[in-house]
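First the structure, which I've put down as C-alpha cells, then a few questions once you've had a look.
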Amino acid sequence: MGEFPVLLTILLAPVAAALIMAFLPREEKLLIKCVAAAGTFTSMALAFYTYFTYDTGTGGVQFVQQIPWIKDLGVTFYLGVDGVSLPLMLLISILGFSAVFASWNVDHRPRDFFILLCLLITGVMGTFVTQDLFIFLLFYEMVVIPIYILIIIWGSTKRVTKEYAGMKLTIYLLIGSAFLLVGVVALFMKTAGILGAPDMSFAGLARAAKSLSQFDQIWMFAVMLFGFGSLISMWPFHSWSPDGYAGAPTAVSMIHAGVLKKIGGYGLIRIALYVLPVGAQFWAPVMAFLGVCGVVYAAMAALAQKDLKYIVGYSSVSHMGYVMLAVGSLSVIGLNGAIAYMFAHGIMAALFFSMIGFIYEKTHTRWVPDLGGLHRQIPKISAGFMLAALATLGLPGLISFIPEFTIFIAAFNKYGGLAVAAIAGVIVTALYALRAGAYALFGPPREEYDHLQDIKGPELVPLVVLGTVLVVGGLLPSLLFNVINCGTIPLMAEINAALQIGGKF
Amino acid sequence: MVEYAMNHAWLIPLLPTLAFVAIIFLTRPWPLLSALIAVGAMLTSCFFATFTAIGVFTSPELTEKPLVYAVNWFNMPGMEINVGILLDPVSAMMMFMVTLVGSLIFIYAIGYMQDDPGYSVFFSYVSLFAAFMLLLVASSSLVEMFVGWEGVGLCSYLLIGFYQHKISAREAAKKAFITCRVADFGLLLGMLLLFWNFGTLDFAALAEKIPHFQQYNVSAATLALIAFLVFCGPIGKSGQFPLHVWLPDAMEGPTPVSALIHAATMVVAGVYLVARVMFLFHEVPSVMQLVAVTGGFTALFAATIAVTQREIKRILAYSTISQIGYMMLALGVGSLTAGMFHLWTHAFFKALLFLGAGSVLVALHHKADVWEMGGLLKKMPITGWTFLVGCIAIAGIPPFAGFWSKDEILLATLESGHYVLFAMAAFTAFLTAFYMFRLFFLAFTGAENPANHPKESPWVMTVPLIFLAIFSLVGGWVGTPWANVWSEWIFFGHPHHGEPNYMVMIGSVVLAGLGIYLAYYFYCADREKVKVRELARRYQGIYTLLYNKYYIDEIYLWLNHTLVDGAAKIFYLFDIYVVDGIIVNGVAAITGLFGEGLRVTATGRLQNYALVFFLGVLAVFVVLAFTSPLLAGPIWGGVR
Amino acid sequence: MIDLIGREVVDVFLSNFWSIGAFYTLALVIVASGILVVLMKNIVHSVLWLAVCFIGMAGLFLTLDADFLAAVQVLVYAGAVCIMVVLGIMVIRRADMKFSNPFNTQVYAAAGVVALVLAVCTFLAVKTEWMVSRARVPENTVEPIATLLLSKYVVPFEVAAVLLLVALIGALLIAREVKTDANTGSQAD
Amino acid sequence: MQIPVVKLIDPVTMLSIGPAHYVILSAVLFCIGLFGVLAKRNAIMVLICIELMLNAVNINLVAFSKYVTPADFIGQIFAIFVITVAAAEVGLGLAIIIAIYRNKVSVNLDDFDLLKW
C-alpha cells in the first residue's frame, strides 16, 4: 500500500471537485467551472499517466488496490485496470474533461450542473476501474440518477419532451440493470455455493462459473445480454438512445454516447463473456445478428432524420451494432476491435455532440433544413463537426477506421454473409454523415447567422483534445492495440480453455 | 544522392503532409507564404522522387523484387499490419509523375486562385491531397493503400466542394465521395477476403502467395470473387461505367483541382491499384476479361457523351473517363506496360488541357459554355497553342505523347485477340480526335464573341502550361515501338516488346485525322455551324440521349431519392411507430394500465390501508402458522 | 348438579374460587367496557368507558402478581392518558357531541377482518400446549423491578426518558399556536 | 420443571386459569381496539383504540412474565416501557391531531385523503 493510489485518485478527483463546488457560493460561476475543470483535468492527467505506464510486457491487472468491504458477500473494494478497462477509463477521463468545457456556457444553475456532472463522471469511471462485480453494479446505479436530473433540468425539448426523454432513458437503464441484477444475483448464489466462500471479483466468479451447468450459463447469459444489451442500445432495445440524446444537454450526450453506452459493451466482455463463456458461445450468433440488425436499421433510420442530435443518436446505435457484432465473433481480433471501436466511437461521438451543442447554443436550432452555410460563419465548429462526421463514416487515418477494419475481419471470418450486411452499413453511414455535414455547414451562408461567434478560449478545449486523440489514434493505432492486446489475449485464452472443458454444442 | 533519396523515400509523402499541417495551423493568415510552403514541399518531394526514380530505374532487379521499407503499424494475434514504402518501377514512376505534375499544378494555382478568400486553405487541401496520393502510390500494403485511397477521396470531397457556398459544388462533392464509397465497399470486402484467405495484406507477401493460391485452400472461384471485389474500387475511383457519374460533376471544384484530381492523380489511382495487384488479376482471366470489357466500353461510352457536351470542363471530364477506360482496357488485355504508359502520357496532356481550360475560364470569368467562346487563339496565344498541343496529343497524332501510348494499347488489344474491343478502341480514338477538336475549334477559332474580353493569363499560369506542353510532346518518346525503353522497366511477368505494327499505327493516325477533319468540317469551316445543327435536329433522339448522358444521373438520383430515402423513411417510421410506438410505449402503456387499474386502491385513507395491511399480516400469519410443521403436533408455547 | 358437572370440576372451582372469579369478572369488565368504548356515540362517553377498561386492567395485573404495574396502570392510563384525551377532545370542540364518534364506511369489512384475526388468535391459543414455570412470582415486585431498571435495563430506561422528553418538546412544538403573519397567510389551506 | 397445561375445551381447563386465558382475553381486547382503529372516523377515537391495543399487548406481557419467567420480570419491564411509549404516543398524537385540526378544522379521518391519486 506504499504506492501512490493512482486509480483511487483518478476516481475521486471529480468527487473532490464536486465537494469543493458544493461549498462555493453559487454566484462564483467562473470559479465553479474552474474547479470542475481542475478536478477532471487531474483525473485525465493521471489516466494518461496510468495508460502510458501500464506495463504491456507483464499485462494483467495492474495498479491494484484492494480494501475488503463486505465480507459476507465477498465484496472487496478492488481497484485495478487491465487492457480491457484501461482504454475505457482513459476515454471517460478525456470525455469528462472535454464535457466540462463543452458546457462552459451553462448559465442555468451552473453549480448544480457541474456537481452532478462530476458525480456522473465518477460513476462511469468507477465501473471501469473496479475488478469487483458488486462495485461495478454500485457505480453503475450511481450513474443513473445524475443523468436523469441533468436531462430533466438542463435538457431540451424537441420531438419529444425532455421529461419523456429523461424518463425513457432512465427507465430503460433501470430495466436493463434489473435484469442484470437477476443474472448477477443468480450467478453470485450459484458460485458462492461452488466456491464455498462468496467472492465477487471477476476472476473469482469466472473461476467458480466454470463448474456451472450449461443451462445455467445459458440463461444467465441471456439475462445479462438483455441487461447489457439495453445499455449498449442493442437493437431492438435502442429506442431510448436517440430520444435520450436529443433531450439531454450537451455534456450528458457526450458522456452518455461516449462512455455510458460502453459500460454495456464492457460489461458484456468483462462479465458476461469472461464469466459465462459457454453461454456466450450459445448466444454469440444472436448477438451478431442483433448487432447487424442494429447497424443497418439504425443507419437507415439516421438517414431519415432532420435533427442533428437524432442523426448522431441513431448513428451511435448503428455503431454499437458493430461492437455487438465484434463481441459475437468471440475472437481476439473481434474483441480487440470491439474495445478499440468503443474507444474510437466514444471520442468521435463526443466530438460530434459537443460541436452540435455549440451549434445549437449559437443558432438555437438543430433542425438541418434551418441550418446551412455555417462553415463561413463558424469555421472552427464546422471543422470539428466535419472531423467527427468523417470519423463516423470510418475514414482511414482517423481513429475509427482500424477498429472498424478489425471488426470486419473478425466478423467476416466467423459470419461471412452477415458481416457483409454490416459492412454495407458504411455506405449508408457515409450518406447520412455527409448529408448532415453538407446541409448543415455548406451551401449558401444565411444572413441570420452572420453575427455568430466562433468558439474561442475554453470552448476550444473539446475540439482540441478530442480532435488530437482522433487523429493521433488514427495514425498510431498501436498505441491502442498494444494495451488492449494485454487484456484480450488472456481473456480469450480463458474463454477458449473454458469452452474446451465445457464441450461442444 | 540517389541512395539517400531511396532511403528517404518516405519523405516524399511526408513533406506535403507537413506543408498541410504548417498551413492549417500556422500560416493560414498569410496566403502567399502558404502557397510558397505548399509549392516548396511539393518541389522538394519532386526532387526526392526524381532521384528515387533514377535509383529504381538503374536497378532492374526491383521489378521482380520490390524494395520495401516497412514498419509494424499495429498487431494482434492473427493480424499484423505493416506500413511502409514499396519501391519498384511502377511506384517510382507514379511518384515521379505525381510530384512533377503536382508541382506544376501547384505553381499554376498560385495564379489561378488569386484573390480567392480561401487561398491558404486551398493550398493546405491540395498539399494534403498530394500527401495522400503519394501515400497511396508508395504504400507497401493494401491497408495502407486504402488509407491513401480514402484520403484522396476525402481531399477530393473537400476540393470539389471548395466553393461550398455553391449548392452545386456541395452536391457534387457529396456525390463524389459517396459514389466512391459505394465502390470502396467492394474493395473493402475484397481486402477482407484476401486477408481471410492469405492472412496478410502486404503486397510483397501477397505477390508471393497468390500465384500458389491452391496451397492456401483457396478455390479459383473465390479468387475470382476477390479480384472482382477489388476491381469494384477502381470502378468507382477511376470513374468507370457504371460509377462514372461523379466525375463530370466534380468539375465544380477549382480548375487546378480538376487537373490534379482528374488528370494526373486521383482518377488513375484505380488504374494503379489494378496494376499493383496485377498478380491477383493475372490468376483470374475471367475478371481480366471484365476489366478489359469495362475499360473498352467506358472508353467508347464516355467518348459518345463527350461529343455533345457544351461545358468545356465537362468535355474534358468525359474525355478523362474515356481515356481511363483505355488504360483499363490495356490492363485487362494483360498489358501493364501499355496501361501505365498511357497513364503517364495522359497525365501530362490532360493536365495541360485542364489547366488550359482553367486559363480560358479565368479570362472569360468562368463562362464555361464552348458555344459562347470563339477566337480565343488570337487573344490568348500561349494558352491557345499549348491547348492545341494537348488536343493533338490526346487525339493521337505522332510524334506527340498520346499517339505512342494509344498505339501501344491498340496493339496490345489486337495481339491478345480481342477484336471487338479493338474495334471499339479504334472507334473511340476517332471520336476522341473529333470531340477534342470540336472543343478546340469552337473555343479558339472562329468569330470572337463580343461579350468576352479575354486576355492572356499571367506567367505563373502560362509557364506550367508550356512545361506541360513540352512533356506532352516528348513524354511518349520513352516508349516508341522502335526503342521501347518503357517496356523494359514497367511490365508484369516478363518484358514484352510489341513488334511495330505499321497497320495499326497508320490506321490510328488515319482515324484521328478523320476525326479532326470532321471537327474542322463541322465547326471550323462551317462558320455558322448550320450543318451540325441540322445533324443534331435530324438525330434529335440520339442527340438528346447523349446530351443527357444516357440519363444515368437521373436514374441514380431516382434510385437514391426513391429507394434509399424511401427505405430510410420506412425504417424511421418503423422505429417511431413499431419499435417505439408499439413495443416500448406499449410496454409502458401496459404498465400504465395496471397502474390505472390499481389506482383506485390508493384511496388515500389511512384506515383502508391499515385494513389491507392487517389482512396481509393475517395471511402471512396463517400461512406461517398452518404450514409450520409444528402444527402437525401440539404447538408448544411458553418455556421449553 | 354436582354430578352433572363432575366432581373434579367442582373441586377445581372451589379450590381456586377467588382467582377464577376475579379473572372472569375482570375479563368481563374489560371486554364490555372495551366494546362500549368503540360503540359509544359520544366520544366523551367513550373516554369514560376507556377509564373503566384501564382500571379493570389494573385489576387484572393484580391477579397476575404485578402490583407495581397495576399502580402504574392506574396512574398513567386511567389518570394521565384519559385526562389528556379528554383535554384533547375539549380543545377540538364539536358542535354536537352526541354524534362525535361515528363509524366510517368500512365498518363491515373491518369487522370481518377483526373477526378473522380473533378467530386465528383464539384458535392458536387454544391449540397451543402452554408450558408454565413452576416458580412463583416474588412477593415484593417493586424492588427487583427498580433494581433491574437501573442496572440491567439502564440504557433502555434512559432512552425511554429521553423519548419522553423529546415527545414532550415535540408535542409542544407541534401543538403550539402558529403565529400567522399577514403577509404569509397561506397557512390554512 | 414444567408441566403442560391441557386445553380449554373441557370445564376443568376452563376453570384452571392459565396463559391461554390471558392470551385470549388479550386477543379479544386487541381486536376491539383494532376494530376501532379500522372503523372509527374520529382521529381521537383511533388514538384511543390504539391505547386499547397497547393494553392488550401489556396483558400478554405481564401474563407471560408471570407464567414463563416469574423471577426475571422481563415482561413487566417491557410493559413499563410500553406504557412509557404509549404515553409519549398519546401526547404526540394529540398534538398532531390538534395541529391538523387547526389547519383543516376537522378531525375526520375521511377528510385526510391527501395521499389519494
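Should a chain be cited, it is by its letter among A, B, C and D, assigned in written order, with residues numbered from 1 in that chain.
Methods note: a residue touches a chain if its C-beta (ideal position, glycine included) is under 8 Å from a C-beta of that chain, and two chains touch if they have at least 3 such contacts.
Remember, it's a predicted structure, so these values are computed and weren't measured experimentally.
> Along touching chains only, what is the step distance from chain A to chain C?
2
> Determine which of the two chain pairs, A-B or C-D, is joined by the larger number of C-beta pairs in contact.
Answer by contact count: C-D.
> What's the farthest chain from chain C if centres are computed as the mean of the Cα atoms?
Here the answer is chain B, farthest from chain C.
> Using Cα averages as centroids, what's the distance between chain A and chain B in whole Å?
Computed from C-alpha means, the inter-chain centre distance equals 35 Å.
> With centres defined as the mean C-alpha position, give me the chain C-chain D separation in Å.
The separation of the two C-alpha centroids amounts to 6 Å.
> Using mean CA coordinates as chain centres, what's the gap between chain A and chain D in Å?
58
> Round to the nearest whole Å and give the separation of the Cα centres of chain B and chain D.
Going by mean C-alpha positions, chain B sits 91 Å from chain D.
> Do you know which chain C residues sit against two or more other chains?
Counting only residues that touch two or more other chains, chain C contributes 104, 106, 109-110, 113, 117, 128-133.
> Considering chain A alone, which of its residues make contact with at least two other chains?
Answer for chain A, listing residues that touch two or more other chains: there are none.
> Which chain B residues touch at least two other chains?
607, 611, 614, 637-639 - these are the residues of chain B that touch more than one other chain.
> If I apply the definition of touch given earlier, which pairs of chains qualify?
Here the touching pairs of chains are A-B, B-C, B-D, C-D.
> Once bound in the complex, which stretches of chain D touch chain B?
It is residues 2, 19, 34, 37-39, 46, 64, 67-69, 109-110, 112-117 of chain D that touch chain B.
> Which residues of chain B touch chain C in their complex?
That would be residues 607-608, 611, 614-615, 618, 621-622, 625, 631, 634-640 of chain B.
> Quick one: which bits of chain B touch chain A in the complex? Just the residue numbers, please.
Against chain A, chain B makes touches at 72-79, 81, 143, 146-147, 149-151, 154, 157, 161, 164-167, 169-171, 173-174, 177-178, 181-182, 185, 188-189, 192-193, 195-196, 564-565, 567-575, 579-580, 583-584, 588.
> Once bound in the complex, which stretches of chain C touch chain B?
So the residues of chain C in touch with chain B come to 104, 106, 109-110, 113, 116-117, 120, 124, 127-133.
> If we count contacts the way the header does, which residues on chain D are in touch with chain C in the complex?
1-9, 11-12, 15-25, 27-36, 38-42, 44-45, 47-49, 51-52, 55, 58-59, 62-63, 65-71, 73, 76-77, 79-81, 83-92, 94-99, 101-103, 107, 109-110
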